[in-house]
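For reference, the structure I am asking about is given below.
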Amino acid sequence: MAKQVCVIGGGVTGMQAATVLGGLGVPSVLVEKSGELGGRVPRLSRTFPFFNDDGFNDGRDFTAALERDLRANRLAEIRLNTSVREMTGDSPNFRVRFSDGSVAEAGAVVVATGFEPFDPTSLQEYGYGVYPNVITASELEWMLNPRGPSGGALVRPSDGKKAERLGIVFCVGSRNRRIGAPFCSRICCSYSTKQASTVKERNPKAFVACFYMDVRTYDRGFEEMYSLALDRGVKYIRGRVSMCKQLPDGSIAIRAENTLINKPFWGEFDVVSLSTGMRPCRDADYLANVLGISRGPDGFFLCREWFRHPHDASRDGIFLAGCATGMKPIRNCMIDGAAVAARAAALLRDA
Amino acid sequence: MNRDDLIKAYEDLRDETAPQGDATWYPNIRRLFGTPFEREKDRLETRQAMEECEAEMQAWYEKARTESCTWWLENHLVARHALKGCISCGVCTAECPAAQYYTDYNPRVITDAVVSGSEERLVELLKSEMLWYCGQCGSCKPKCPQENNLMGLISSLRFLAQLKGYHLASARGRQQYAARHLWGGNLWNRALSFYFRNAGAETHPDFGPRHAQYQSQVDEQMRRVGASPDAEGLFGGRKTAPETVEELRRCIAWGGTLALWNQLEAQAAENARAMGLSIDEYYDRVRSEG
Amino acid sequence: MTIPDNDLFLTPSCILGALNPGTEVLIGRIYDLLGLRWRAGGEDPRSQCTCCTGISSHGDVISMESTLLVVARLWSIAADLGFENITTACVTSFAIHMECLEMYEHEPGLAARVDGWLRQACGRGLRIPKHVVHASDIVHRYRQALAGRFRYSLVEQATGRPLRVVDHVGCHYAKVFPAKVGGAEWCDVLTGMIRAWGGETVDYPERRHCCGMGFRQSMIRPNRGYTMACVLKKLESMAPWKPDAILTNCPGCNVFLDKEQWAIRDLTGVDYGIPSLSHSELAGLLLGWDPYDVVGIQAHTTPVEPLLDKIGIPYDRSKERIAEERAELVQIA
């Protein structure tokens, strides 16, 4: 029986799982399909909710700290630019073949493959891909990062000028039966609020408006972050945006109904950011087949039993962690990573 | 004049022909359309057609008239699939042209009344002016994240309002009597909802003097481009053969529409009496108010 | 949605033929030019085409079931003549036919019931066509072939500048069943024609706004302020781009975007003067067909002649046979 765990995915969840496994004395092989550890976090301009005031001001600072811990324990073998091609055998004797042809024996497998932001090009009403000043939340995030394309300044992509008016559209690609995405992507209200708050903090004169259906900032510290955004003067308008319109100078106009006071709202913005929902990672379908595990109707991997075994996949010996099982904030991904490390370690100990 | 004689008099006039180049032209249609004579004939004819028709849908609509509004919402072909739960997100209202023009209107008021399931609120809605503001453009339809069909729901509710007579409580609703004869009369008699002489200068001053002058020469202008005003032909303004008109009438009847038309007629007659107007005065009144 | 390339049953419109008659006859002429096999009704008196009841339906004076029957009758006439492909002249008809198709797909047992009623009503059976498209879909499909036969193009003859043409796609074409037509936002049916015919497309904020025809809103006079307001909103929004023309595929849109410009000028003093043309009118003009005797531009309230001047299409104004407007117009900047 193999005494190591194969961790698929080198984002924060996978790194945490491998680190905690190392702390429990269990070796692991961590495979990451890209050339870098950290997943989507390094490009974040800020982590939130600023509850303990220990939020990182650049996602890369956080992932660098994680990577130090990971490498320090020496029990994790890290394979970058590597993905999983095939798996044979059953728990606790899996044989995993990788994209470089090599094979590893694993007693357990951890799936920490994360998510993919929804591409709003198909929602043509927002004009993404057609109107230069309509961007996605991921693009806004990178723009606000000092390492980003404009040194952290909010600018209009059409002409590079400083942007004073930002519109943020919630629920793009989520909570929409019409496009087959009836689910909520959980973190968008929160990350959008963080972005809005950050812009106002840096430029108190900026006009920032968030167009929402609900504000679901419900984790610990998140409601406080929302209050802080309101205090800073971020405008919240309860009305789903139906389309973006481009004005002659490239600004983007939005008309929404302020449903709380039953009055229309018309705003003209330098930049409109689409807070896109999330989808399972691109390879989820492929991996589900390779590993022989189930996915839910929303495409994210499905656990064996909702309450008692939230980290067990539908097949013995395979564990699910992080956004691979549905969107969650970074802190919850870290919790997941630790939880599956314990489950996997227990499995190897008892086998 | 009894019913059959009246109908025959109308049809004789309608079917009179005159030569016009190679075409067969019907010179009296322009004298008959939109007249009290035509409306009276229609009134009698549709009542007769309804008496003689054993259409399932006619009976259904007759029954529906006596049921509750909530019954209608659960059973009408269009209404029962129209609403799947509304979170009042406002995306329909954001681009609704009617919500922009009628500043006290928003379509969510309609979904809210329907979702409430309250008979009282529904009746209030059916009696309101607001029910009639929607222009049936469908701008809301591709946007609703819940896949609701607001356009269809409003259409269905308007039908119910008329069946039950609630439309009489609003000026826009009362206009439906004129609508029944304008489009219904055109369909029943000319197999077209809109007849080319309906866009006359008197009713369309906003189209300007060029239009008025064109309309004064409309027959000639239509003929020169290959249309067939009040004549046999394929395109604009054509006189449809009585055999086709008969088939169309039977399709209308078998779909249950006559139940609506006869209801509208009965409601209008009562409303006119209450106002001290003749039915034709009433017709003119309701289409100029609102 | 697959667009058929031949064997087309054309269902004429009530409003198109009434208010802009040349436009509808032109569809037949274009089909002939392209060598397509088409019919617009049967030979015998009981098999002529009728209205689809669209205006009556959206005007709430006819039941859904009556509409289903009337449309089913049209389909049966087409089938009897050997046609599986329906092309509607009118965009409201297009949406009505599509709605019938959708109902048969999603409502169990409805098709059988309608078939039964149709037999009782007029001895015909329900035969669902293979394709239902709008006439502009055919013109779009053949836009390159037509361009090859055009004598003129959407270019300002004097300067070589491509003409700026706003596309106004009918709400009932794009919004009611958007998945069938390439989406409600950027569907190509008219912009494809503009580009293929040498012009430049224009995007402006209220491009997708309804023209405001609104059925009962435009046809019952006290309600028509709504229609005028919608037209005004669109004209104001497109004005900065100085469009040379508006291209439409819906008869209602074509009429109201054209005709309300007079009232707007009368009320606001601003003369937008942007001619509103249907796809078949534009094709007819670029083919070099007579603007008055064939295309019928004299039916327009907003003059089309300035556009002809730009393109370089000659015309004899005396053939219009309408007295000219004498009032001075205020031109927008």
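The letters A, B and C name the chains in turn, as written, and every chain counts its residues from 1.
By definition in this document, a residue touches a chain if its C-beta (ideal position, glycine included) is under 8 Å from a C-beta of that chain, and two chains touch if they have at least 3 such contacts.
A quick note: this is a predicted structure, and the numbers were derived from the prediction, not measured.
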{"item": "Farthest-lying chain, centroid of Cα atoms versus that of subunit B", "value": "A"}
{"item": "Central chain (distance from its CA mean to the mean of all protein CA atoms)", "value": "C"}
{"item": "Whole-Å separation of chain centres (CA-atom averages), subunit B against subunit C", "value": "22"}
{"item": "Centre distance in Å when subunit A and subunit C are each reduced to the mean of their C-alpha atoms", "value": "46"}
{"item": "Where subunit A and subunit B are represented by their mean Cα positions, the distance between them in whole Å", "value": "53"}
{"item": "Residue numbers of subunit C (touch at least two other chains)", "value": "184, 208"}
{"item": "Per-residue overlap in subunit A, given as positions that touch at least 2 other chains", "value": "125, 243"}
{"item": "In subunit B, residues with contacts to at least two other chains", "value": "95, 100, 142"}
{"item": "Subunit C partner contacts - residues on subunit A that touch it in the complex", "value": "124-125, 130, 243, 245-248, 253"}
{"item": "Contacting residues of subunit B [partner subunit C, same complex]", "value": "55-57, 61, 77-78, 81, 95, 97-98, 100-102, 132-133, 135-139, 141-142, 151, 155, 158-159, 162, 172, 175-176, 178-180, 182-184, 186-187, 191-196, 198-199, 203-211, 213-214, 217, 221-222, 224-227, 234-238, 240-244, 246-248, 250-257, 260-261, 264, 287-290"}
{"item": "Subunit A partner contacts - residues on subunit B that touch it in the complex", "value": "84, 87-95, 99-100, 106, 108, 142-147"}
{"item": "Interface residues, subunit C side, partner subunit B - complex", "value": "12, 14-19, 21-22, 24-25, 28-29, 40-41, 44-51, 53-70, 72-73, 95, 103, 106-107, 110, 113, 117-118, 120-122, 171-172, 175-176, 178, 184, 208-210, 212-217, 219-226, 228-230, 233, 259-260, 262-263, 266, 292-296, 298-301, 321-323, 325"}
{"item": "List of subunit C residues in touch with subunit A within their complex", "value": "183-186, 203, 205-208, 240-241"}
